[in-house]
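For clarity, chains are labelled A, B, C and D in written order, and residue numbers in each chain start from 1.
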């Protein structure tokens, strides 16, 4: 099972998820599309400016490979400290 | 009586003085010359680079007027804090 | 002795206590610069909450700390960041740098603060009236950070 | 609340105590920058003594403080300078600035330190072996100060 985390404004739209990734959801971009397809509000939130992604606590781009062992985080624009 | 103070390297050459200024010693420059005339080591020290003067705790140049009521300080080049 | 530390915690901290510990550990340094950020009073804001991403936030701050160590000659760099709910006047952030040279200590603390304020993974939520809303970095914070691009 | 102070004293001081007092007095500021200068270990120097010109030194530092207040938006500026005989590790100087804005606090503390290190009326004497000798500001200190000329 993969863990999906949401931070900042995104955390208002979805809590953390533990999901069994479909066979065809094996990249960051595919995951984003899949999550958006399940929830229109989350889709809108994920498309906002400044959203970034981390896989296993490393910054990642859409083409990053993901699997069911991973922790994937979607982060709204940072506020700074 | 005027009070003459020395700071920094100059204080190694002379301690503080309390002096009755002669009638013709009425400027900073005249005082410097007069003090140098009394003490060759002090004369050499007063001519070193970076020596500055204050009269009654205000920075002053050689043409500053002085009198027997004044506190005149000769300061070697500053070290900084 | 060298002293490099990063703390992200939801417990309040005393900047002076952190400064004393840092000064003791950075023994031999000639210069210590300490920045303390405090929650400013704002009559419209009733509550301020800072979220982070445990582990990731610390590792991103560690990157910043390592950049500072590579760029300046430091014998210590201490970074403490509050998260959670905070009230007016409470310390949010403390950055202390120690160096043999005053300029290195100043620039390193300044650099770390600019990055923390603009790029560190924190999400700030303010409650104004009944509405909580998320805050983004100010244009000023982004300009400050861009000063360090070479 | 505003807090501007200048202290020149031959008594040792605790930077953390000064920081706590300053933070309490500067309530409402968002940013505090504190610089602490410490006597560095130098195996060749057995003793360090700083002289000043009582009254004059304070008034020259006051000029610097007023320049900083005119140049940056500050809610507080605290300057403490040790004089007399000092040992390794002891604090010599403490400058803390408080502002609503981080950049103002950093620049003001940096500016005041550059002036203190190059133009303030202090005379430093180091004892190396049996010989005491007077120290002049380093070329680096003079360069640092010249950064602020506009």
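The rule we apply is simple: a contact is a pair of C-beta atoms (placed from the backbone, for glycine too) under 8 Å apart; a residue touches a chain by one contact, two chains touch by 3 or more.
This is a predicted model, so every value here is computed, not measured.
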item: If a chain touches subunit A and subunit D alike, it appears here; value: C
item: Identity of the chain that, by mean CA position, is farthest from subunit D; value: A
item: Length of the line joining the C-alpha centres of subunit C and subunit D, rounded to whole Å; value: 23
item: Distance from the mean Cα position of subunit C to that of subunit B, given in whole angstrom; value: 50
item: CA centroid of subunit A to CA centroid of subunit C, Å; value: 27
item: Where subunit C touches two or more other chains, by residue; value: 37, 117
item: Subunit B: positions in contact with at least two other chains; value: none
item: Chains grouped in pairs wherever the two touch, ordered by label; value: A-C, B-D, C-D
item: Footprint of subunit C on subunit A - complex, ascending; value: 5, 7-9, 11, 50, 54, 57, 73, 75-81
item: Subunit B partner contacts - residues on subunit D that touch it in the complex; value: 37, 50-51, 53, 55-56, 59, 81, 92-93, 116-124, 134-137, 141
item: Residues of subunit D touching subunit C in the complex; value: 15-17, 19-20, 23, 27-41, 89, 100-103, 105-106, 109-110, 113, 117, 140, 144
